[in-house]
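Take a look at this one; I'll ask things after.
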């Protein structure tokens, strides 16, 4: 019975003020960037948006005669928020291109909107392989789990590692990583003695590490989302698995450049496979890292930021190819087969699957003039996403 | 002469006059209030006045149905629940799975989701019959978390942490296609909200509804006038589960996607906040609360994207400190005085 | 020989170490006007709580018309005709008297579980409620919120509610307690013109109320049945006076 | 398998320290304080700031974490909590959820959203073998400290005058006042003490459980399970419940990882049905 009279008045007024928002549309291509700026995945949002902004700063905001306007919106990592914001950006704000998507469910929730509204959606972070199958208007500039788990399997088999225990987070990307590492490693003669799965909401790794230690493998292959990886690293060394002779190999998410320094000594020597490291030596990367640090008070760009950077690069390249025509089908046609040199190295978009083809580097964590870096030592050239290649 | 005799002589033939007046009084209690008409008209007007805001209006309608269903349990029967989203999420997954594997007709999906959520409510209702408020809070919280964990584990069925997608809905009743602007979605949700609220309104003013309020008001006295409390609470909890399941189904159908987030704890906390804002025990609290909560949250998330949670927390703390009942009592005196004068006037 | 309608056998109830009801075996005949008296703290209200299922007994049994209702839920006992009033008013503060009584009648008539038709639609129930309220002089306040009614009126509503369930056995727990002087005998007159076949167990301190109303009296001291007898026997019994004055309790 | 048992005990001990503060506020003051985790988080962040920014040794951080959280507890109790002691449980729950939301957002604002890490002093990190069983030094340290705290808490509650005055104040507020016990003061100190314990638990837990702004929500369920299973009228109840829970959780995840999390929730619901007022609640059929 709470303030019934005032409630009616307040609700009426509130609904009224909604009508006040103007809708503007002129010779501008609006790019809607939907990212988790708050909540547990806020670091992803921060990195990707910084990467995208760095691209615009270094390449100007006009391409093929069209002005690019970036609208950044926060979905707090909640799927139906992402969906609603995407629909509003397309319907109300006239966004021509959607981008961002920090997690797989966020990308999946926007697939129906992309298809129905014929608006391209560029995935800049989410890693599960099946996303690009969800809609013909989805492309990706980050990478897929199978894409950078497979080479770790190859490397392990080639470097005398006989048996491995896999330890992954029990959710979509984790299962992908486990499946493709095991498939490749077995194909190359290796043997996976045990597959441990860690609940997503996991406060303590003790029991799982103990299981790994008891299995006494040559190495443990790990996939964990970046935030949790640092906690795992500490407990890995504290439990003495390193000095029990068990090598730690993982995907690049675990030694995420964003928090590598704060992991400290335990992370040294970890072998990971990923498509980008801040320490990657190429002229494009040096320029990118320098511009990024200048614009973001010395924050170190990680693989998420390069996903944002290349996402913008893809938009600019596609618009140039279509001479500024940002309509969905034309844009997607232009995207297929696009290739350019990214800070991470040469990349291209696979015409059939619209997913990214890129080099995957094997790297080791070393201390380089006072800072911990992922130093690359081996490259697997232009790898496609194996999941879709196999499904064809 | 004692007051009793005096009383009877004044109303000479007590049976005839008192009866008609009594029935009139009882009918007056359940008459359509002014604010009810206003809110439904506003909702329909919003369709025309705010074409660009269909999506947020749909979100309000879904949250309102979910809040009104909780009010049936919290406002009427006095059962505290921190896990009402278990039914919301369950309904969402059922609707999604139905559309994906069986029939993509929304209305059938909605009804089946409601029924199955009702069954889940029935099965878990015996858990809330025992113990105090604290135990009920804990048990419902436990059920909610268990459902969330189940959804994540059964990835083969529910898509796990990546969510359930890849299904699209046929037009509602074969006529209204789900359009991108969310127009059909809004009208569909509004219709379901209207029907649901009307059904719950009838239940509220039925003997059953009155007995629920009696159980909440004074359990011992309710038992002393032969109200079978446990049976009534189980029925109310099941009905609430049906409507919560339907609200979940609406979300799944209008976004053609079910994320694991439908079972997240924050939804149960949000819906409690909605009822605190809107007030409990008169059903419309859920609707008013949903409108204000969603708009405040949306406005805050635009103004301070990083820290809107702080202000939501602040609102909650301030509301509780002011004391929901003190606010409610202040409101009740206003219409009371207003209505009393009207009655004497006749 | 009038049969026994309400009976207890060696009823006991502990509160921790304290024995509130001490091996009570009480027999109440049909149609009796049975009074239960005793000093404060003798365990009268505890006994009533045991009879009406508000409290489960530690030991012993309770029989209603020969049926063992020891562990039966309160609402089922009311359905079988055993109801009570409370010493301290137990009412629904937000309800109006009309709603309260109407609900009691609806439950009695077995329509309480109906969740479709509005309660206003049950003309017969509402009318019966209005008549009953009029009989208790509550017609003028039947639409007010119970919480704002004067104490005397609330007390009358408490008794009206018990009547609404049409009990065969009515337990009155100090019905006149707290009722202002001028309305006191009003309560008495209503209680006394209860139909003959209704058995009444009256718990009361007011001796002239007891002696003018009851035809049989049991005296409860320290949780145990001290003595039983007709009005004449008990009023003449010196020990009862002593117990009240506390000489040799 | 002893290491699993050892880890379980260490984890259980940690849960006890975190939850026993809640036992005090919930059981003795009948206040459902879901925001208990926020005080634990405060203790954790105090440790992080002191160690990382000012380089103070870990040992000094623990008492500091206790004092700072106790202080925050005292301030909040005096300003906000004391009006709600008589409020219905629902209001208390909503109020504390509000506090949790505010704590999360404020911590996110000041300290950023990422996982906070602390580097333990050398003698606490790494492992050593005790009678052939691989034992983490830090976990051993946790067990020792928590055991001492448990004994101290039991002693304070049952033997000291403050403990008896506290239990009296909660049993019946009015009667306690009648005996001249300054109930508001007792409640304030108890709340502060409970929050302090939580802060200490947060500081010690940062290493094992990790620390980020969502800590209060993530671990709220664990605190509540310990308290609801352990009952609120004694200290030994939650202590045993925490141990039971710790071992069940660790063993569950080790032996049956797939259904690990179910073990705890199922345990809680079953316990609530069987003994609504807690497994070890004193008396009361």
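A, B, C and D are the chain letters, set down in written order, and residue numbers restart from 1 in every chain.
Just so it is clear, contacts are C-beta pairs under 8 Å (C-beta built on N, C-alpha and C of every residue); 3 or more make two chains touch, one makes a residue touch a chain.
Computed from a prediction, not measured in an experiment: that's the story for all the values here.
Between chain C and chain D, the least number of touch steps comes to 2.
Chain closest to the overall centre, judged by the mean of its C-alpha atoms against the mean of all protein C-alpha atoms: B. Of all chains, C has its CA centroid at the greatest distance from the CA centroid of chain D. Each of A-B and A-D has its own count of C-beta contacts, and the greater count is at A-B. With centres set at the average Cα position, the gap from chain A to chain C is 73 Å. In this assembly, the C-alpha centroid of chain A lies 39 Å from the C-alpha centroid of chain B.
Distance between chain centres (mean CA atoms), chain B to chain D: 35 Å. Across the assembly, chain B contributes 153, 306-309, 324 as residues in contact with two or more other chains.
Within chain A, residues 38, 42 each touch two or more of the remaining chains.
Among the residues of chain D, those touching two or more other chains are numbered 108, 258, 261. By the document's touch criterion, interfaces exist between A-B, A-D, B-C, B-D. Interface of chain B with chain C (complex): residues 2-4, 7-8, 11, 14-15, 18-19, 21-23, 25-27, 29-30, 202-203, 205-211, 213-214, 217-218, 220-229, 231-232, 235, 239, 343. Residues of chain B touching chain D in their complex: 74, 80, 82, 127, 130-135, 137-139, 141-143, 145-146, 149, 153, 265, 269, 272-273, 276, 306-310, 312-317, 319-321, 323-324.
Residues 1-5, 7-8, 10-12, 14-16, 18-19, 21, 23, 37-38, 42, 74, 76, 78-80, 83-84, 87-88, 90-92, 104-105, 108-109, 111-113, 116-117, 128, 130, 134, 170-172, 175, 200 of chain A touch chain B in their complex. In the complex of the two chains, the chain A residues touching chain D come out as 38-40, 42-43, 196-199, 201, 203-204, 206-208, 210-211, 213, 227-228, 230-231, 234-235, 238-240, 258-259, 262-264. On the chain C side of its complex with chain B, the touching residues are 52-54, 73-76, 78-79, 83-84, 86, 90-96, 98-100, 102-104, 106-108, 111-120, 122-123, 126-127, 129-131, 133-137, 139-140, 142-143, 161, 164-165, 182-183, 185-186, 189-190.
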